[in-house]
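Heads up, there are several structures right after this.
Both of the next two complexes hold chain A, though its partner changes from chain B to chain C.
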Partner chain A sequence: MTSAPASVRHVAESAPPVRTRPDARSVPHWRNVVWLIPALAVLAVFVYWPLLQNLVFSFLKWNIYSGAQTFVGGQNYMELATDPIFRKALLNNVWYAAISIVFQVFGALLLAAIIESVKSERLRKAFRSIYFIPSAISLTVAGLLFYFIYQPQTGMLDTFLTNLGLGQYAQAWLGHENTAIFAIVAMSQWQGFGYSVLLFSVALQRIPLELYEAAAIDGIGPIRRFLSISMPLVREMTSLMMIVTISGAFQVFNEVMVMTSGGPNNSSQVLGTWLYHAGFITNDFGYAAAIGVAIFVITLILAALQLWVSHRKRVEW
Partner chain B sequence: MVTLFSVGRALRGALVWIILAALAVVVLYPLVWMFLNGFKTNAELFGNPFALPTHFGWENFAAAWQQGVGSFVLTSVSLTVLATLITEAISAWAAYGLTRIQIPMNRAFTVLILAGLMLAPTVALVPLVKMFQSLGLYNTFLGLLILYTAFRIPFTVFLIRAYMLDLPREVDEAASIDGASKTATFWRIILPMSKPIIITTIVLNVLTNWNEYLFAMVFTSGTGLQTLPVGLADLMSKNGTQYPLVFAGMVMAALPMVILFFVCQRYFIRGLAGGVGK
Partner chain C sequence: MRKTKMISVSAAVAAAALLLTGCTSSSNSAVSADVAGKPDYSGSISILTAFAGKPMDPYFQNLIAAYKAEHPGVSINLSQETDDNAVKDKEKVLIASQSLPDIYFSYAGNWGQNFAENGLAADLSSAIAPSTSWGQTFGAGALNAFKYDGKYYGVPLYNDAKFMGYNKAIFQKLGLAVPSSFDALISDCSAIKAAGYTPIAFGNKDGWPGLHYLQQLFAYNVPRATIDADLVPKTATWTDPGYITAMKQFTELVTKCTGDGSNSNGVTYTTAQQQQQSGKAAMYYQELIEFDSVNTDGSQLNKDGLGIFPLPAPANAAGDAKTLEAAPEGYMINSKSKNAALALDFMKFATSTKNASVLSSPPYGQPSAVIGAVTTSTSSAAVAAGSDAVNKAPSTLVWLDTASVPSVGDAWVSASEGLVSGDLTPDAALKAVQAASEKAK
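== the complex of A and B ==
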């Protein structure tokens, strides 16, 4: 505890000694819970209760016509295990996570280090800000924008390829089963990497400059400096970014919905959109709830990892 | 030897500049293109995508505003402002309760509120829709307001709580000796002292609420209540759409947040850094 400013301490010391009853503040009192009640009530009713209900729903089947519910045990989960589109969606989420780790974690760290190596503070700030702009615009706007960029023939990407003489690669990026999900993931890297760069820059700025200066005097080059100073000292940020990125990758919904709605032929479905499809297109509520439980379990494991990482001892310097 | 060394350094410097500049172009060009497309005609848009618009006028923006974007903006602005204010109030109260006064089972309550941080909104989507339908909240402004508020509380409490924990304890003691009630201490002392983190969370909540898509899409049906993201996506998928109008709408959706970022950059960075646990 830091010592109090002199004036405050003075007040505290000169407090009248007649005060025998301890300050109400220092005694836990149930009445004080009123401060938490709005938050607790809103969370209980609109976050935790639906979450519990979802677990119950995942063991039920709805009759689409009568609305009657029947308990079916693990049937929804059995369906999940054998549903090829669920597997496809899960695989797409894994791709999403893997590609995002390459670009939004390691790529961003490298880029942040490159930016921090620029001498001028104003230029560093300018680059960081420019790269962040796509993160400030919504995924919906970015998705719609790239929907146009990916348009076959008339789109910007295909026109660009044709102009470069690479016309044979031009194609309907969002219209082919093999490319749709990757086109979406590519858009998402464009949209999100600036955010990671910004955070890595903040972490890199906390490393004392003397470490780099000492290394430079010893004749250690910038690549070695990056590998043996920057990388280890931002390890904690790297682990956290990794988990945040993976966890985000399993919650993807917006950009897929806007760009392909999971098509063509379900090739770009992810868990979120497949849940939406089951719940609101085919009205198979029980099955949608089971997908929800799957997403919940995955994000829970990742959150536990995140807690573990953030409580681990920090690298001291 | 010395010259070789300096040549190498110059090359490396050049490489750094090429990488940074090329990426800046990759980021900025699509954004500039989006802006320019707002001035084109449909024919120009599908002609040569790299061509500049033949004339710059605000007709597309005005027409987009007429054809729905105006109403999307109205919904988005009111939803964003109200949800942010309510989230801030509820979260600041809770953070004060968790940090500055003695509450029984404080740890349990803290965990209960912060655990919401790790829940993906998709997980509870089906039960939420059923609940909102039976409560008559489905497809209402109030319904969206509740969802936007509820799911932002854990993150907002998380950031404000961390800040309030660091404020000196003596402040409350001095206030209490001066006879200030807990409520007065909150409004007159702790809340003003927490201004920086309040601004940070406001900025982050405005950004999130303005860009939100999942709830706005699932919990509204048809016209009247569409937010900007949902309205724009709908406008895009309609047949015979004047696409330049959609681009004009996209610019109107994106620009406020880009401006907000540049104006409040400091607060953005603090919040983002705090959000991943420093």
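== the complex of A and C ==
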């Protein structure tokens, strides 16, 4: 047995103790779980318990005036299946989602790519700000603003159409069954578009410039570069935006309430406003709870589907 | 295996539902608040009004200040919401959370009936029935509007009714007299339109302005007994041809008399008010309680002069041409109030002749239900005339949306919107109402 040289011994004795990360396997499992308990408790009380309660309410007929609650089994769900306005509301949500995907996902990605291709940094910043400003306005305010824009005769849109010689198209955009929901969706695109553009801009900025430079050297044009480099490399952001946009489209409420309250003749009802309507207008809180469950199931399925698809097609570089 | 698991999960959910609900119904026990006791002037009460916003919100604030000056030990918590949806939503949330205030706003008709029948409102018969000294200060019609199952549940604060308000200067300029029939009204619209004015300002964004026309036209075209039966789901059929006739008259009026016609669903009620206020519209079908807020000092309407007349009845209509669409609005006392006697004392104070006169005067212009509070010296000429017409009307009919059960009232709101836009025929509208009424049985 030989001892270490003095110099080595000196170094070993004077060096500070090296802090090593404890082996995760050596920490008792329950100690990790303890730190999660507060968050879990908050979630349980404010998210999962109301969800469970809502599920229970959906099996009841509930007279809020008398407080009487009667178990009616699946009657509210049977009613849901045969309710034409529920189907109309669902269809409106689908329209909302489809149009939002076109504008707020693919349209925003395209615009973000155009903005990011501008040479001047100052101009890029200016464009991002210009497109983002509507997103800084609350939905309620934007709804009221567009309500005035859509006013028949005196509204800005109809005045604009009339001045262009297109007066025959001027109408009460929010007052007719075939235009009300699309007028609301249009406002929503205006309001949410800039936010999506900003997120896509950030995602595009993360793509290494070398890829574009190499493609340019190979003679690949800007459209092909967008399709073959930008789009695949922002796929995760695109997937995230799809989830957010679709989930948002199925939870839409404020803009519809402010602009039409679901009218005229329930033509612009969406699931959220039809839930409110069932509960607060017709006093059918059990049925409203059933609509709530339907919204939850739809958004859960869509989110799970989106996550699954995006996970399968993940691109790394 | 998976199927068995699914069945087990479904059974567990159903069992949980049964356990959580107890499989039985619970109800608000009808506790009778002690309204006849001696008020505790060191107690506290809470009030929910429908007077939020200008010019109404100072009324209750001033009232409370005056009451507290007389009873310094009293504590009053005031909460105010705007009329219609805001106050309705607030009350439903308060009911569900069992936290209704001691004094709360109520419409007459089915709205108030829900409070009365479900033990949420105190029976005030011993204090306010027509035979009592306080009851004798109110008009009988106003008191009866809150009478359910032979008992009096509400304190009527002010009367409301629907009238066609017209611009006297425009009528005079065009040589028009107050139309004597519905056909004459339609005929006048052409002359007014030709002169460059909007004949009738109309904004139906919320659906209920159209209902006000419909209910008055129903009163004219459908026998009263039929209407009364149709407002109760158990006896309702909604098959009288008068309803179709009334809806056709309504669509004719929208097409020939309003400025925006089928676009009127895109116009708010307040926008229509402004058209009348600025002198651009010759007429506007409005509530009595709106007269003073539209006919304001300095407005063109004020310069031109505001006149009123009931919506003219069609000739030879099958209903009652003398019925006026009208309903008081009032306040109820929570049946579970711990200070019900104090709450009642406050409402007596609110309906004293002095305070009733203040309520009936500009800028509030809410014609009090208290006899003698509305005179030409205390109220504007239009409010006084409207109040007089309400008092003289041989019969009145409550608003369609508050007279019906909510689902039927809502079906009528949708019908009103569909009729205005032209997307719904009167037959289709009535079928939708029949379906809603059938479901409500």
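The rule we apply is simple: the second predicted complex is superposed on the first by the 257 of 317 C-alpha atoms of A that agree within 3 Å, B and C clash if a C-alpha of one lies under 4 Å from a C-alpha of the other, contacts with A are read in each partner's own complex, and residues count from 1 in each chain.
Criterion: a contact is a pair of C-beta atoms (placed from the backbone, for glycine too) under 8 Å apart; a residue touches a chain by one contact, two chains touch by 3 or more.
The structure presented is a predicted model; accordingly, all values stated were derived computationally and were not measured.
Asker: Which holds for A:A214: it touches chain B only (first), chain C only (second), both, or neither?
Answerer: In the superposition, A:A214 contacts neither chain B nor chain C.
Asker: For A:A81 in the superposed arrangement: first (chain B), second (chain C), both or neither?
Answerer: In the superposition, A:A81 contacts neither chain B nor chain C.
Asker: First (chain B), second (chain C), both or neither: which does A:I301 touch?
Answerer: In the superposition, A:I301 contacts neither chain B nor chain C.
Asker: Does chain B (first) or chain C (second) touch A:L91, or do both, or does neither?
Answerer: After superposing on A, A:L91 lies clear of both chain B and chain C.
Asker: Applying the touch criterion given at the start, work out whether A:F285 contacts chain B, chain C, both or neither, answering first, second, both or neither.
Answerer: In the superposed model, A:F285 contacts both chain B and chain C.
Asker: Look at A:L51 in the shared chain and tell me whether it touches chain B only, chain C only, both, or neither; answer first, second, both or neither.
Answerer: A:L51 sits against chain B, while chain C stays out of touch.
Asker: Could you let me know whether more residues of chain A are touched by chain B or by chain C?
Answerer: With both complexes superposed on chain A, more residues of chain A are touched by B.
Asker: May I ask you to decide whether A:F71 touches chain B, chain C, both, or neither, giving the answer as first, second, both or neither?
Answerer: second
Asker: Identify the partner contact of A:Q171: answer first if only chain B is touched, second if only chain C is, both if each is, neither if none is.
Answerer: Second partner only, chain C.
Asker: By the touch definition above, which chain A residues appear in both interfaces, chain B in one complex and chain C in the other?
Answerer: The overlap between the chain B and chain C interfaces on chain A comprises residues 53, 279-280, 285.
Asker: Report the residues of chain A in contact with chain B in the complex, numbered from low to high.
Answerer: 1-2, 4-5, 8-9, 11-12, 15, 23, 25-30, 32-36, 38-40, 42-43, 46-51, 53-54, 57, 111, 114-115, 117-118, 127, 129-134, 136-141, 144-149, 154-156, 159, 190, 194-195, 198-199, 202-203, 222, 237, 240-241, 244, 247, 250-251, 253-254, 257-258, 271-272, 275-276, 279-280, 285, 288-289, 292-293, 295-296, 299-300, 302-303, 306, 310
Asker: For chain A, which residues count as touching chain C in their complex?
Answerer: Counting only chain A, the residues touching chain C are 52-53, 55-56, 59-60, 63-71, 73, 150-153, 171-178, 260-261, 263-267, 277, 279-285.
Asker: Across the complex, what residues on chain C touch chain A?
Answerer: Against chain A, the touching part of chain C is residues 13-14, 16-18, 20-21, 23, 25-28, 88-89, 92, 95-96, 98, 114-115, 117-120, 204-207, 259-260, 262-267, 271, 406-407, 410, 413-415, 417-418, 420-421, 423-424.
Asker: Quick check on the complex: what are the chain B residues that touch chain A?
Answerer: Within the complex, chain B touches chain A at residues 12, 16, 19-20, 23-24, 26-28, 30-31, 33-34, 37, 46-50, 89-91, 93-94, 96-98, 101-104, 106, 109, 112-113, 116-120, 122-131, 146-147, 149-151, 153-154, 157, 168-174, 176-178, 182, 207, 210-211, 213-214, 217-218, 228-230, 232-233, 236, 243, 246, 250, 253-254, 257-258, 260-262, 265, 269, 272-273, 276-277.
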